[in-house]
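Consider the two complexes below, in which chain A is the common component and chain B and chain C are the respective partners.
Right, the complex of A and B next:
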């Protein structure tokens, strides 16, 4: 295990053939031809279609479920309810509160009471309507702040409170910090429910193979998690459940707990009927049942000296978790750990608590709590800049973390920090000085312009959120071609290509010799979930470990053959050679043959576990993540003051990501993240009125189209991390998490008024308040 | 339910099928004819994943009833080229990094094809308007727009 720690930090990218190059995606050709099979593209003979029945009330006791009529309905082969579960009824990463089939209660309108399997979709649709459920309605609570109060309806009576696990950050002494401050800003911010909006809806198919193993193929983001949940639900061994992810049409954190529930139901129906069973969600049901981005209710207080030196940050945050805990406590933690910005702040006191309500449940979505808190702290930075008449870029530069500084959690920053460089380069690229000055002069007419900037730090990988390890395998075939597998799933971000690049450069061969296999839970060790922007770092390090082990073994054989000392033997361009006498060489393929003839195995497992972190959850102090990515975004906007419409004209996204293994894919992450952030800033909200979800498709839930986003610009800043594969850190979430405050700061300059509640929709920009599309039910 | 006989051209081949009158073109192509490059995303004509070309124009196949295609000429991603070769738009999408998860890509490429067939040198904003009906959650569209610009060049050089 210590081996990977002592690996010589590579001479990085010098002489490498693929790392740091814009290598074409391995799956690009298939994808442009429309060939890859996504989950809904799979079929099997004798297949049944599953359809689920949803709760009728946001909170109710289930008195009785009568399935007789549904069972006798044409084409129906199986019906399952709470009474059919062979094993565990609950699952959950943090609190085991989630159910694939509702038990004594339903807690929101997306709870599933019963599932039928029938020969055709239409028969399943018809049969599920014939299930009769008797409910006793219970009082419900829809506002997490109300849910915290004494006497509020409890979702889980046995817990005696709706509060989950409170999180805190404590550093220094905020009282002292505020005393030392010349200016104190107090503000409240809110963010809404958001839908991940992967364009491929959830889908899976389950069947039993000849060995009696339950096979489940589908749009699983985290196949290992799903396998564990399904095994528990069925009370079967992990070896008897095999989960295979199909090509994923996006997930962004979304195809997680719901996919586990879908897997449970299909597997059980398959066991019951002996037939393959499939389901593909309609968009409406995908909205209804899947988790959302957590709404945050944030109270912030920030103290600063008249010179603009941050002295204290205090925050108190309530997070709507909806009916299930999911990852909410850790989302709250991530929110406050990063919620004081990437700054030297000596005094921090932050509290966040996630709370049960009868709303749709919330959980991981690209950014994981930080897009919400970044809106607060980075808006306040601009308020401070305005009050103290300091340029917003200068204010940030003054406080920006550098190597050797202490971060807001009290963590000493021992690594290189590219934040200052990213700030300067971003400001330059957007034309900050000129534009900021120009737009601060009085503007007339309907169209007003503004420019805004924001920055953040992101702890990479799981850190304080959990145990973190990943596996990979590298197998050199007898013809010199190579198969690479990791436990990391490709959601579309391109991790296959990154892993292949890493393996190719370590083995000194061209990338077209590499085939990447997507994980199958029975064929590769559990590598944890593909979340937390951990793919390149964790999977990349595991791949590196496996490839290095294979290479070492080959070098030993080649050294004997060339009669060279092992340390002189290098491999690149498909050949091994002696660096002292380069004429002494042997091709990679020849070396493989020699190894095969000597019965030297060219297969290796790689393993990587995260460096130690030290976070005291009780006290809220320590080192929550072992290293960070630093990000800066800037936006230029035009606001139509007659309609409230905001148009983002220019956008620059800069990140110190350690090392860009594949710059083309890195830009893809940056631009995609920026578009998602613009959605968060300006357009997106799932409106939930008294537990009823009003936006359930893309007609009213508006995603940014190609016409709503500008010609993005990206900046790669590289401060290689000694622990990262070729110095790489991560990028997926940094790309999204600081977009919204940059846009909002630009809007504030344009209209001279700030928006504290997201999204900055037409009516909020024009009228300063939200107009609901929907009327609330009258009470009483 | 009584089935209707429908004749139309799919990817250059004359097709004769029987189907229920209420079936959508999307279901006909995916489920009955097995062309899985046409994707199901929202089924209300918002996301564009089910885009096909009908008589030279872009349609959301979830919004077209199968009987409406009687006598029409339909092209899906599978029929973009007559063999395994790549269309310049496909080459451009690969080279410019325009593909991530790939779910929106068939529809996106077909929208680009109709644009470039009608307008060989489109401006950036014309490209954006042409693909505004195709939602992509992964890419932020920039590399797609760049790819379509590049494809226009490739097609001119052909």
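Right, the complex of A and C next:
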């Protein structure tokens, strides 16, 4: 692992003890020792185990559910079906179409018809088999392009169409743009279903406490969302549902809607039986029922002058949403908003529509639509470079956004943009000039090499996707130690360490004085979901707000004590002092005592809401995100042209993330994100044939291993954002969303042929097409 | 969830044989295939005879000029064994990347053979070595050639009451060898195809050639037609390419055109040719 960092002399972090430093993660030692308790580690006396019954058909009417035999089965304490739901049957962030228990229809093989709770797992397994469900099979549709056609089977008859909410971006006039172009490239691209592949499968336990509150502990990525869904399902107040996330073994956007459904089922079973109820999914069921990364079917048309100036980008995208809407329309939106690249493109016309099919449902997964469209636009950039005989890095530099430019959505870029620097540094680091030239010459032998680059911009946080605010609390204890909480959950990305660093530096104390508590929905205000790479920016700003309020109060007291003006009083290294006469000082602990004696409250809630954005969904114009992260990735590969095997030899990941609060964790994000992106490029696909999922475990779903990825190199570029905590923006998703096109561009140089459909498997690289052992049924 | 089952764990071979003859058992050694498969079943109608506690079946030794590998030797045991390392490095190379480290520590050579997966990494080298399997039951013993023992994918001609005791073969006489495994990734990969080759080159002429592919033919066995093409000739890239082409042709003749043929046809040719070049030191 090598690192390169460019730190301009920066007032913002001068004299700070922890921010900008590779502070050790708060949870590192415990995790290495295997101490954390994951959801499945929790137990309670009198516990029952839940087991769910899945649909038998990809699309069918439920005529009858007979649970009598299951109810009488040994050990069974409770059985729930659609008839037992006390409140709302449906939930969903965009369209309320999802059900914890199937209603009149099942729409895919992962729909749950019934759940039983029994004293042992084995009894639950046996009982669920005794539920008798009578179905009437319905015609199904598995291709979103087919699903859009007139007369296709409808998933939701009342909607009259399988299309969800069409999204668009309009900027300038593409017709004019194409007229001004000397070269027009038209290409189609596809990406498959992908599994999040968190190491910990879904797990939760529900019980009722002495106050009658339903408590649910589990592997929740978004506890506040789950609480709302569960409260609606049970028709209970939000105050009576308390969701606590346990230590998460990864999520990547995956432990969201399914965890809400699991929470509903366990809570209802717990209410019905009066017993604690728990479930932990097998890997096979986790694959079956959880959502996937959306397959994208992309038609792109890009116009460029002979000098390589982008003139127009037109795209038409169909997104497979599967049976539920989930976040698909917003995934489609992000896909097209970022789908013209981080370039000055004056004319853009992009349409994307997510479509219901009887496939597994799809939704949020690290990147959220942009990993797919980045493959298209960044592949086309290389096609243009080749046709115009311009170096791919130079072509990107020519078009790269700079401060003052207008982005492809029509948004004026008023912030500092580190894209050019990131491009130059990445090229230098991977040895671009020499290698690109060398590999362009005719290569002989089976093993061919190539080097590829790709870049992107990423709108930070939710932007046009929703209301965006977060809370934090900072409480200084009487001994000078501090408890920090935010409504942001740590999935393993290390957010708790970042929050602690921010609080420590604002309060001028060392980080080991801080204890970070993970959120509990009853103890911290709703801070929205922990998604969209928003932890550092939103949670960090809320923490900053809370800590500043406490600090201000302490400074007032200290100023009185030191007889110094308040504006002269600073705190760092565990002491308050007068910056004009530094001998005038008082330790942080003393100051706490004084405040306590004066009954000054040393706790505060912090709150941060995102600056206003301006997106017109109808017209497809405006400012969809408040600001952007700029990322550049480069890959060097060796392709065995006799077997189609691709080896990534070198990989450089560079990001203008505003400010690296914790550089070590930033490298962690970059390298993990790169591994995930290499999976998208070369290895991963959940094969779904006629609605049947063929890959349901990691034997056939091929993730890259440590042996399949190179020694990653990371570059931190810092253009601090005035709004971010210490200038920080975000990194989680940028780290993975532009990996695949860099790899594919390198492969294209190596073999002189381009892969348009992912993943670039052995067969695709060798033959240019996929081979499948699964045959599709003949129509009719 | 793993279905409920009855388990017997005998500690001697005799105990195992009489128990096996008396009951309705399936045998597990390391369990790395069968336990995984059993998770797919709701219930099973057999008992499990876990023979992993029989120390006698775990040894690797050389007797009367022959190498005898106890059926319960794990991949890791084989990999670390001095006799194997010294006298049959081909086998060592083949087990090096079988499954994962955990699987190599539990999975046994005997289990790998009896499971008879076409992708089994230990089988092609053992077939290349003309290995024989020694089977024992309460009724007696028999020895069968490995390529006759495995009859087709996931099937052997093991008889009721028989336990695979050991695998025997003579140390090979060869000047070069290679095991080529092609997986979808570098570790934890199931062989897409593999091939074990051995060459004995004397005075610049190939005296003996052995080509034993896995996941290529509908049976396990050497590809004698391709071997014959090599024998008596001088090693050269062109010759090895011809041998690869031969194996590829025979694959299609034996397996017919399947979904994967379009890929396997050119690739097995190249794998065989590469493996032979490695073995001959004419590395390409």
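In this text, the second predicted complex is superposed on the first by the 766 of 780 C-alpha atoms of A that agree within 3 Å, B and C clash if a C-alpha of one lies under 4 Å from a C-alpha of the other, contacts with A are read in each partner's own complex, and residues count from 1 in each chain.
We adopt the following convention: contacts are C-beta pairs under 8 Å (C-beta built on N, C-alpha and C of every residue); 3 or more make two chains touch, one makes a residue touch a chain.
Nothing here was measured: the structure is a model prediction, and the numbers come from that model.
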* To do: Using the touch definition from the top, say if A:282 reaches chain B (first), chain C (second), both or neither.
  => both
* For A:104, is the partner it touches chain B (first), chain C (second), both, or none of the two (neither)? -> neither
* Asked: First (chain B), second (chain C), both or neither: which does A:523 touch?
  -> neither
* Residue contacts with chain A in the superposition, chain B compared against chain C -> B
* If you stack the two complexes on chain A, which partner ends up touching A:699: first (chain B), second (chain C), both, or neither? -> both
* Asked: Which of the two partners, first being chain B and second being chain C, lies in contact with A:642: first, second, both, or neither?
  -> second
* Is A:767 contacted by the first partner chain B, the second partner chain C, both or neither? -> second
* First (chain B), second (chain C), both or neither: which does A:63 touch? -> neither
* **Which of chain B and chain C A:683 touches, first, second, both or neither** => second
* Asked: Looking at the overlay, does A:711 come into contact with chain B only (first), chain C only (second), both, or neither?
  -> first
* Asked: Can you list the residues of chain A that touch chain B in one structure and chain C in the other?
  -> 282, 699, 705-707
* Structure fact -> The chain B residues in contact with chain A across the complex are 36-44, 46-47, 49, 76-78, 80, 86, 90, 93-97, 99-106, 109, 124-125, 127-129, 131-145
* Structure fact -> Per the touch rule above, chain A residues touching chain B in the complex are 22, 24-25, 27-38, 40-41, 196-201, 247-250, 252, 280, 282-283, 491-494, 664-665, 667-668, 670-676, 697-699, 703, 705-707, 709, 711-712
* **Interfacial residue positions of chain A with respect to chain C in the complex** => 121-122, 125, 129, 282, 445-446, 642-645, 647, 683, 699, 702, 704-708, 761-763, 766-767, 771-773, 775
* Structure fact -> The chain C residues in contact with chain A across the complex are 1, 4, 39, 42, 182, 184-188, 190, 192, 259-260, 262-263, 266-267, 270-271, 274, 284
